[in-house]
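Think of it as A, B, C, D, E and F in the order they're written, each chain with its own count starting at 1.
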Amino acid sequence: MPYDVVTFGEAMIRLSPPNFRRLEQARSLDVQVGGAELNTAVGLARLGRSSAWVSRLTNNPLGRLIANHAREAGVSTEHMIWTSDDRVGLYFLEFGATPRASSVLYDRKNAAIASVRPGMIPWAAICAGTKWFHVTGITPGLSASAAATTKEALQTAKEAGVQTSVDLNYRAKLWSQTDAGRCMQELMPWCDVLITTEEDLERVFGIHGKSYDEAAERAAHRFKLKIVAITVRDNPLVWRNRWTAIAWRDGQVLRTREYELEIVDRLGAGDSFAAGLIHGLLDGDLQKGLDWGVAASALKHTIPGDFNWVTPDEVQAVLKGGELRISR
Amino acid sequence: MPYDVVTFGEAMIRLSPPNFRRLEQARSLDVQVGGAELNTAVGLARLGRSSAWVSRLTNNPLGRLIANHAREAGVSTEHMIWTSDDRVGLYFLEFGATPRASSVLYDRKNAAIASVRPGMIPWAAICAGTKWFHVTGITPGLSASAAATTKEALQTAKEAGVQTSVDLNYRAKLWSQTDAGRCMQELMPWCDVLITTEEDLERVFGIHGKSYDEAAERAAHRFKLKIVAITVRDNPLVWRNRWTAIAWRDGQVLRTREYELEIVDRLGAGDSFAAGLIHGLLDGDLQKGLDWGVAASALKHTIPGDFNWVTPDEVQAVLKGGELRISR
Amino acid sequence: MPYDVVTFGEAMIRLSPPNFRRLEQARSLDVQVGGAELNTAVGLARLGRSSAWVSRLTNNPLGRLIANHAREAGVSTEHMIWTSDDRVGLYFLEFGATPRASSVLYDRKNAAIASVRPGMIPWAAICAGTKWFHVTGITPGLSASAAATTKEALQTAKEAGVQTSVDLNYRAKLWSQTDAGRCMQELMPWCDVLITTEEDLERVFGIHGKSYDEAAERAAHRFKLKIVAITVRDNPLVWRNRWTAIAWRDGQVLRTREYELEIVDRLGAGDSFAAGLIHGLLDGDLQKGLDWGVAASALKHTIPGDFNWVTPDEVQAVLKGGELRISR
Amino acid sequence: MPYDVVTFGEAMIRLSPPNFRRLEQARSLDVQVGGAELNTAVGLARLGRSSAWVSRLTNNPLGRLIANHAREAGVSTEHMIWTSDDRVGLYFLEFGATPRASSVLYDRKNAAIASVRPGMIPWAAICAGTKWFHVTGITPGLSASAAATTKEALQTAKEAGVQTSVDLNYRAKLWSQTDAGRCMQELMPWCDVLITTEEDLERVFGIHGKSYDEAAERAAHRFKLKIVAITVRDNPLVWRNRWTAIAWRDGQVLRTREYELEIVDRLGAGDSFAAGLIHGLLDGDLQKGLDWGVAASALKHTIPGDFNWVTPDEVQAVLKGGELRISR
Amino acid sequence: MPYDVVTFGEAMIRLSPPNFRRLEQARSLDVQVGGAELNTAVGLARLGRSSAWVSRLTNNPLGRLIANHAREAGVSTEHMIWTSDDRVGLYFLEFGATPRASSVLYDRKNAAIASVRPGMIPWAAICAGTKWFHVTGITPGLSASAAATTKEALQTAKEAGVQTSVDLNYRAKLWSQTDAGRCMQELMPWCDVLITTEEDLERVFGIHGKSYDEAAERAAHRFKLKIVAITVRDNPLVWRNRWTAIAWRDGQVLRTREYELEIVDRLGAGDSFAAGLIHGLLDGDLQKGLDWGVAASALKHTIPGDFNWVTPDEVQAVLKGGELRISR
Amino acid sequence: MPYDVVTFGEAMIRLSPPNFRRLEQARSLDVQVGGAELNTAVGLARLGRSSAWVSRLTNNPLGRLIANHAREAGVSTEHMIWTSDDRVGLYFLEFGATPRASSVLYDRKNAAIASVRPGMIPWAAICAGTKWFHVTGITPGLSASAAATTKEALQTAKEAGVQTSVDLNYRAKLWSQTDAGRCMQELMPWCDVLITTEEDLERVFGIHGKSYDEAAERAAHRFKLKIVAITVRDNPLVWRNRWTAIAWRDGQVLRTREYELEIVDRLGAGDSFAAGLIHGLLDGDLQKGLDWGVAASALKHTIPGDFNWVTPDEVQAVLKGGELRISR
């Protein structure tokens, strides 16, 4: 079945101690599922788009739990590569509070997705009829074969006429800036839309500018990108941030509202921005994408877990300048 | 047994997902009991007044749970009308965070109270010896027969020399502004004290003014009310508000302190204001009522559930300008 | 997309106090989703069959939660009829212990499914390519229009060459034995396989025999059924039962192993028997159906919630006479 | 207000680790309220009798919590002696499993009730119109002044024509068998009904017999008691017991059914037997008292906490030989 | 085994209702262990110092739980005085929110430590090889014999060449300002480093100044102290504070950074400041002590419970001006 | 510091869904720590013996959590080898119920202990003064270098005059029976006491007999062992077992009582038997070791987690034939 959007990458089981306990204090761990590309697929499904997430998972209770959660949130797992080898990646999340940042302890080595390799996934069949393909810089950072498979996917998608987006998503715990830069640059020819932060542009591509606008423009020019979107976070405190984004296209910069946030869980916020952006672009409307991307991801900050359990009505209400009183 | 205060209305079982989860994410629901008039009866019991709450409940575990909670908080349920018919009302509460408001999903149709009708409750006996009767605009909004019973109650109370108060409490999910306006206006002749917000005055009676004071005065004049109290909330964020109230009597407006609030749960705040106000008025002291009403309801914002589990000592400590250090 | 099995009926949100608390003691409620026909669809999906569940749900967070849980467990909800009317059914479950039985408090009146009516669901399209259709006596018991829709569904299925099964599932809280008998008897002409208990045969059809075998045979003869399966529970205690089933076909009675059970949650056990039975019959093997039905449902008793979260490997291990030691 | 039954004694906050954790493993403690005489008052309220519990409590959140729970369960606390002195008693309960018994760690020294003394409680006023007064051997075991107050209460009750019952309830952690024997014997002249176990008769009074019947008769003869009731527990395992009781009156021994029990929480079982017994005796029917006492307390074993959250309907269903299937 | 630091005092089991519930609403209580001197010993162990905590505990599950938690956090309990007498102290903690302060209800009377007396603890042996001894004003406030034992300990330590620190820690619920002043003044001759707040200097010693600096200097001069450290808290709200400290030595005042805090749990913050201060002073570096004391205790505010579960790396990261983004 | 007993092996973080949920249903996981040799060290510490556990752990929050738990339970971690490499092993535990066995999903590959190699641990220093060394067949099964290190440890211990015990503990998920047999046989020359089950004797060494006695004797003869102990479990159900053990020495077989068990958590039962056995043998009393081993491990079955949180008094009470009534 063709989908509006297909994404490709790892998802892990996320384990976090409740009530601000530190990991050393944990006597129970809350279970969520998260992974950048899955999060974006969920964000799109929740906005009403059909989406599928492609990955490789070990067929044990942990792997099935991940696929179950994807389906629960409306994402198809029909293209999953199941294996009896390898393991399921985990990450441990500790919530901080000013002056202590939240922190993440990855335990993702030897996960099944790291052994994915070109030829393993039937990209041509998956891309047939699909409108959009999305991936982030995490997937190629997992292993050399995952990087090759990412390239294979992007090439196949572009050749099939699918639009593509890449979120840089640099992870220092996965690879060096140099390695990331070399690899990501090779993917850019098959990328229509680049999504990133100012910081990641600097770290991965060494691109910076006097403003977000200039940084976006430089990236667009260097890699001949159609669109560059940059999310902007102001975080004077752990639990109170301000959040917006800009988007560059054809020398023009589009803006949208900035949101004051009382944060519940900021994991997956960038991924839900990508979902909103793609949602608008599927309608051929970049301003809508920027508006929906920022509004949807502003809402994501208020929701536990990596997934953005919003509805289109709720995003629209925020876009209209929603009321903070209880509706009754 | 005669009571200082009798209130009349619905209480529901309140179900809310813990830890800011959305309802779709809920794997457990916290159970509380709430209802505007019960909340006010609880607020009065906690301030040392004897109070009874009159309602109609289905005699099953859910109905008994509601009555149990009322008694636990010090409120008499001896005048409860028990029935084996109908069902127990529920409401689902989802806590939000900026920019997402908290929201309420009512599932209260066909609750036992909606079938209450004139003649079912022995108002004359209940009013004998009682000092104060309180009801809100929710009760008449439940059904035509509940509206008729509310009118019957207010009339019987007034004729028995009981003082009366009405909190407008407009609920758009129950009835239209037009219907509410028509019905509430019919109740005003038997109302001594009107409690409301500026917004509800506008929505129900189409009354507004250049200031809270003017709005209160207009309402007082139109309905020949002795006292009109208006609560004032400033909510730039979901979890940080400012809170105060004014009270109009005989052309004069009384004021009290404004409180900065770190909110834990704002449900029932207005109802606990009513409790404090009535508490003062039972002593014949409107300024005390305003002071205690705002201080008690400021404290309510810091307490989970709809009930205001404070003590008179705690209200007095806040009135004296309490210290935020831990007392030890 | 055609499915191996389609089922039709109500699912409710199930709310149960943890740790054997009574409802009056509940301060939190565990959330599960359950409904006889959904449970069977889940059971089939877990055994590897493609299945879809057809129902009508109110499009609010509670309705979406039900559909999410169905998809999480592998069941398609693509044929769901979404509405903005009516409400979502609930049931409250209290776990007992000898000498107190577990008990259920339904709050399902006015649920969206009760308003389903013929013509609302595109049965012909749904049946195209489908191999099996399953429904229980609960669905027609919900309302007259639901009964008519059930009949419409069975007729359409039979005419489309789909095999059908009906689980009698008598619910005294829904309708009288007389009403149930009259209605269910009208459905029998379109039923291939009847699944029931000896007790329900007696209550609904007034059929009894000196043995399970005789009762099955009488039912088969009266309604010209191909197969009659009867589950047999021996429950001297609430948390320790013995469990098996028999199946009649063409005058012959098939048997399978009896299981000793340490029960964790017996809700949905009969529905998971139906799933296993249909699983075998889809392979044309009644003995396999009986074996898998009883083994799968024996396992169901050890799993919290209404859904049978087993794998085919686990059912096979039990069928081979599984070991109770921890495998490591 | 006169009550059917008044009881007098201590209640404590009960703290128990969930999920069979040992106290050293506890990271949270479940909170319940319990105390022999309060438990009996609750048992009577739940069976439909009006009951009040008299005690002395420190007026802090812990003391109020105890009174709140009493009222929640339907027991009046209007005769509570509130004090700002002393402390609130606690007990820590650890659930065992064969071969480890459940165990109790008391932290009840210096609780407010231990300082109760004659003259502090207006017994004459309380007894006016009351039908029954109940106390156990725990109250006099708390302190010499509590023992004197118990005697004062029993005397006043008897002189006011109130019927009285005493449950021996020997607590080795409170006092020696010798001290208990001397004290309890002094109370017997004012006792109509003695409730106990064979073991306590031996420990407190040195009374034993070749059978329960003989032991009961010897106690009745020694103290000239109208009725002696003995509960009988067979506990080969921690979580599976058998339970019944006998009652001696005028040389005759009455019996009732023995119950097989799957235990959830056996604390308060004896106290709920006393409630059922008194319930029957208030109707002048000892056989009813014995039947209801054993049936109600059999149900108590299946309910968490010390209180017996049953309904009269449920007791009657068990008396009729209730079904263990789920009623639906 | 000699330790870097030995501390002496009481630790209690801390019981707090979760999720901002009031004690009257508590149905479960979270269990932590806390006590000023134990908290400081934990703070030191977590910074890499060997530390032992000396106390007297009842040998029951609650007493063992306290010792277990001390060892879990890296503190030696080898010098514990175990007894079968007395009881284990408890304290109940209720988390507030503006305008309601958090509050503490102590239930510590008759704890084993209150019966400690001179000669009971082998101070000379404990001090041999130890570098630092720390105690607070809580220990002498527990009882006269505890005060005498505190004096004995300080004297023995000083005579053995151990450096000493005293945190004033005035507890109004334990003793009057006059009693505290008289007692603490007697301890000053054996104190090298005084740790306190401006408020406690005033309450215990009647010392105040126009500035923190002046107050510190006056205290230093009056008691001939080497070092006086004062912590400074600005708390306009319950959950948002600013936090720093100063240290006076030889007429000079040292300062360090002020931290903005999002508070999770402020109990034990002062104790963790003492740990950081001593940590620096063991290196002979007061500025390091002040820097580490304030940074470590700033982090403590973000951690549930009384213990400061940080690592030296985390303190250093904050000292370097840590980033609030999630590190990944 | 010399210890009574030193053990060597892996401990993992154990994650299990609460309330019998399956892993796929888990929304939270309970955290415990377990590992055969650590469990035995804990068992000995709880019986009053000084014990240390030697292992290799990654120095992150998860590794520290494991060491913290060891110390909490009284076990020294001073000989821990900390590393910044590798990862911390995990295992997921799912509790079953008849007819579904509990199951374990290991995620222990690449844990720090697997990279331990000869020369890394200062065995000679550790063994100096130590009385007993214990290891199980899991440690050599982790990797070739771990096997070599195990051999190094046993040899060093024997040469230092330390008594040694080995628990066969065959884990099919770690290695084949052939590999285990070859490796374990090489360790036998340095083993004084072999602890095992009949099943493991067969699987690892191919030894079986007509009785437990004969199997023990054959093992003793083949490897010239002083003592062979065999634990015997009868498990007709998952939650009800019978449990005992025998011990062979010098041609004689000692026996002890068999216990009826209501199981709460059987993980670590065998390890706690080893602890009790060694406890007796440290007193030179094999019968005591057998009695204490079986009694202590019978109690272990009633305690959540892998650790045996008993006291010597509790073991003695069971040995004397403890009462199942609540002691009060």
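The definition used in the following text is that a contact is a pair of C-beta atoms (placed from the backbone, for glycine too) under 8 Å apart; a residue touches a chain by one contact, two chains touch by 3 or more.
Everything numeric in this text was worked out from a predicted model, so none of it was measured.
Could you run down the chains that neighbour chain C and chain E together?
A chain counts here if it touches both chain C and chain E, which gives A, B, D, F.
Same or different: at the chain A/chain B interface, is the fraction of residue numbers used by both copies above or below half?
different
Measuring between mean CA coordinates, which chain is farthest from chain E?
Result for the farthest chain: C.
Going by residue numbers, if over half of the contact pairs line up, that's a repeat, so tell me which of A-B, D-E or E-F repeats C-D.
Selected pair, repeating C-D: A-B.
How far is the middle of chain A from the middle of chain C, if each middle is the mean of its Cα atoms, in Å?
One centre to the other, that is 40 Å.
Measure off the straight-line distance from the CA centroid of chain D to the CA centroid of chain F, and report it in whole Å.
Inter-chain centre distance comes to 45 Å.
Do you know which chain B residues sit against two or more other chains?
Correct list: 18, 22, 24, 27, 68.
Looking only at which chains touch which, which shape fits best: line, ring, star, complete or other?
Chain contacts: none of line, ring, star or complete; other.
How do the chains pair up in terms of touching? List each pair.
So the chains that touch one another pair up as A-B, A-C, A-E, A-F, B-C, B-D, B-E, C-D, C-F, D-E, D-F, E-F.
Given the complex with chain A, which residues does chain E contribute to the contact?
18, 259-265, 298-299, 301-305, 309, 314, 318, 322-328
With touch defined as at the start, can you tell me which chain E residues reach chain B in the complex?
My answer: residues 19-22, 24-25, 96-104, 106, 171-173, 235-239, 266-267.
Please output the residues of chain C touching chain B within their complex, sorted ascending.
By the definition above, chain C touches chain B via 15, 18, 22-24, 26-31, 60-62, 64-65, 68, 87-88, 90, 92, 94, 105, 107, 109-110.
Quick check on the complex: what are the chain A residues that touch chain C?
Spelled out, the residues of chain A in touch with chain C are 1, 68-69, 71-74.
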